[in-house]
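Sharing a structure with you now.
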Amino acid sequence: MLEKLKEQVCEANLELVRRGVVIYTWGNVSGVDRERGLVVIKPSGVDYEGMKPDDMVVVNLITGETVDGHYKPSSDTPTHLELYRAFPTIGGITHTHSINAVAFAQAGLDIPALGTTHADYFYGSIPCTRELSQQEVEEAYEMNTGKVIVECIKELRLDPMAIPGIIVKNHGPFSWGKDAASSVYHAVVMDVVAEMNLKTLLLNPNAEMKQYVLDKHYMRKHGPDAYYGQGKQ
Amino acid sequence: MLEKLKEQVCEANLELVRRGVVIYTWGNVSGVDRERGLVVIKPSGVDYEGMKPDDMVVVNLITGETVDGHYKPSSDTPTHLELYRAFPTIGGITHTHSINAVAFAQAGLDIPALGTTHADYFYGSIPCTRELSQQEVEEAYEMNTGKVIVECIKELRLDPMAIPGIIVKNHGPFSWGKDAASSVYHAVVMDVVAEMNLKTLLLNPNAEMKQYVLDKHYMRKHGPDAYYGQGKQ
Amino acid sequence: MLEKLKEQVCEANLELVRRGVVIYTWGNVSGVDRERGLVVIKPSGVDYEGMKPDDMVVVNLITGETVDGHYKPSSDTPTHLELYRAFPTIGGITHTHSINAVAFAQAGLDIPALGTTHADYFYGSIPCTRELSQQEVEEAYEMNTGKVIVECIKELRLDPMAIPGIIVKNHGPFSWGKDAASSVYHAVVMDVVAEMNLKTLLLNPNAEMKQYVLDKHYMRKHGPDAYYGQGKQ
Amino acid sequence: MLEKLKEQVCEANLELVRRGVVIYTWGNVSGVDRERGLVVIKPSGVDYEGMKPDDMVVVNLITGETVDGHYKPSSDTPTHLELYRAFPTIGGITHTHSINAVAFAQAGLDIPALGTTHADYFYGSIPCTRELSQQEVEEAYEMNTGKVIVECIKELRLDPMAIPGIIVKNHGPFSWGKDAASSVYHAVVMDVVAEMNLKTLLLNPNAEMKQYVLDKHYMRKHGPDAYYGQGKQ
């Protein structure tokens, strides 16, 4: 079932390796089929080498039950499901432990919007969530990770498609997009932007970008009058 | 039309990928045919993989109108055109978001001339432009980016062929040279020099190089009595 | 003799090169056969290129004497033997000079537990040993390096399988695991974590992680109720 | 003439590229034939790609005159000749602009001996030379670069084979060894050590290593009773 989505999700997982944002079994990508209420996700703790579409696991979007696949789904599945349920516009989710984004997560700092590379994809700072409480960690860690992400996005009144990623304190980045491939793209960009911004802050701790530059760069790619790229045919 | 220049410009764009200074669709290279008043440039938002000379776009140097090609030109085309019109000696232009040069751009700092690697290609600090005003950004962002670069080079009374690159505040590097390939070469060197200089400043915030070392290294490669390399046959 | 273990140890040594944590002849991996009281280890100062299982050296776990092989064993062999003798649960040991772990070793600082990447493999800070005394260095350097590691682990009352690595002051990382491959895995993770934590500390010198997050992440992979991965079949 | 030495020197130059310490035409390696009083060196400003032994240039050790080859020798040839004339034990010399060693050179700081990776190859800090005077730069820059290196080594009473490299202020590293390949090896190690030590100093500006650790590590590889490696057969 869901052969096409399995292919997309498998390919998006393999792209993580090619782009150098994961090693070993780290990271995971999923995609959702909204009509059927099903999520396709990487299996837990399985090597990328030799991974095939048929190894992907299908889980129920609401109940989280596995409905297809010969492996257990990623242990981060409950986090993915929380995000899909809270944000109906997103179609794919990626989680990595990419080094530069993790550095900001461990520092407990937002990745600030300091330049146009950032502004081309993220319409403002990439927020760092609050710390999970001991109770949240012990009772339902992965689900509560998702809830804390959702809480952070909602409290800041962000459009998840305009800030397609976040970093979880002491953990690392989650990103999303219209589909699995797009969420990987945002994971890669987030790590590059984090490296740029770390280096920027070492040179100038007071660096900042004007709001109107952020507006312009984001809008020329994503606004109603976007003119970057070849347009929709 | 302009088959040879399209080949050179396409090849120069692909070189950006091989040298690791761009990912995805980031960056763009152009070349100019001064006699015909035409500029050949990378299409907007198109992947490097599989890019062919025939995909390059030809625009009018004065009017900016597309005169050949099946794609829209790079959204940064107006910036390139401003530079070609202001600096008659340059034949090719490159724009990237390479990480180390961007770090200086986001920090709002010149890339200082601290060593002979820098001096072999750039006869002095690589300047960081002033911030564009809100009006400049909103009215004609890409053209005004070009105007701010030209203003910076002219105010500092620099010879653009002696300082073949600049960083635009909060944005990133633009570089140029006698042709498209040369502008890519300068883009790569600028990022290496930026990494060297960032690390130097972390070790010693007061690092500097004497003017006579700068003079010597630049002149032995580029002066009237240059003796580096195999000479002109 | 020990053909299977030689294959595993040779393969683990070659993996060091593929993972980019050693260059030239740096680093070494060993594995132990507890029943026979024998250790298989990389030969001293031999290139990785072309290295074959038959080039591995077999030494006696107790006496350190070479009992098989056409090369001299790694000069670090006495360090490995000390660790195998002190920690009966470990089956493989790796030593590298990987850049980021060495930076902490040279700084004389523990690699602090700042995030879940760390917590997935190391149940607490990765300690930095005390400095060896002049007498310890001059009398039996490699053996005393082992003794200082053992002393550090015991004084901190650590389970070596829960903190499967350490950094030796002014020297570099040693790691271990259930077998040779596992010790390499921990060497690679330690260097990635060291890079993350160095960058974190540059952003926020006061960064820290709550104990309950460390508990959760370590236990979901390694505790009695571990649920990460596909489980034991 | 000197076919064997040309092959060694060409191969050593190509190794610079494979090890990632040079790009474009940067860097150069030479080797000396002491009996004939001739030096074989890379041609000036020629690409590494497709470089053949026959492209190497032979110059007279005393006069510096080109005695064989179809190219001009590296512009740094006078620096190499000064070193060969001052240090009769060295057989090969390498110059690069590798990023981390250059950072120390631009900072005007010695690369301090902070760990055993350093101590395995360099018996003490790798010194940074004094700045050349304006007169030295203008009159005979490359020759005086060599003289300043020699002055530095002699003033510090160093054995050039025990400290097989140096960094020239505002310029970059020169290294040497018993032959061309060995000088490249030391160039690569110097850059790795520079990266380690830069990161160490960011973590702990007061980091240091005891003299007796330096003694031990250097001597176990290079002393009269060296026991690292497979020994001389």
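Letters A, B, C and D mark the chains as written, and numbering starts fresh at 1 in each.
One rule holds in what follows: a contact is a pair of C-beta atoms (placed from the backbone, for glycine too) under 8 Å apart; a residue touches a chain by one contact, two chains touch by 3 or more.
These numbers come from a predicted model, not from an experiment.
Mind checking subunit B against subunit D and telling me if their interface is mostly the same residue numbers on each side, over half, or mostly different?
different
Most remote chain relative to subunit B, going by C-alpha centroids?
Of all chains, C has its centre farthest from that of subunit B.
Rounded to the nearest 5 degrees, what angle rotates subunit C onto subunit D on CA?
That rotation is 90 degrees, given to the nearest 5.
In angstrom, rounded to a whole number, how far apart do the mean CA points of subunit B and subunit D lie?
The mean C-alpha positions of subunit B and subunit D differ by 33 Å.
As a quick test, compute the distance in whole Å between the mean CA positions of subunit A and subunit D.
From the centre of subunit A to the centre of subunit D is 46 Å.
Quick check: what residues of subunit C touch more than one other chain, meaning two or more?
In subunit C, 202 touch at least two other chains.
Using the contact rule from the top, write out all pairs of chains that touch.
A-B, A-C, B-D, C-D
Could you list, by residue number, the parts of subunit C that touch subunit D in their complex?
23-26, 43-46, 71-72, 75, 97, 99-100, 102-109, 131-132, 134, 137-138, 141, 170-172, 198, 201-202
Which residues, counting only subunit B, touch subunit D once they are in their complex?
Of all residues in subunit B, those touching subunit D are 19, 114-117, 185, 188, 192, 195-197, 199-200, 202-204, 207, 209-210, 212-213, 216, 220, 227-231.
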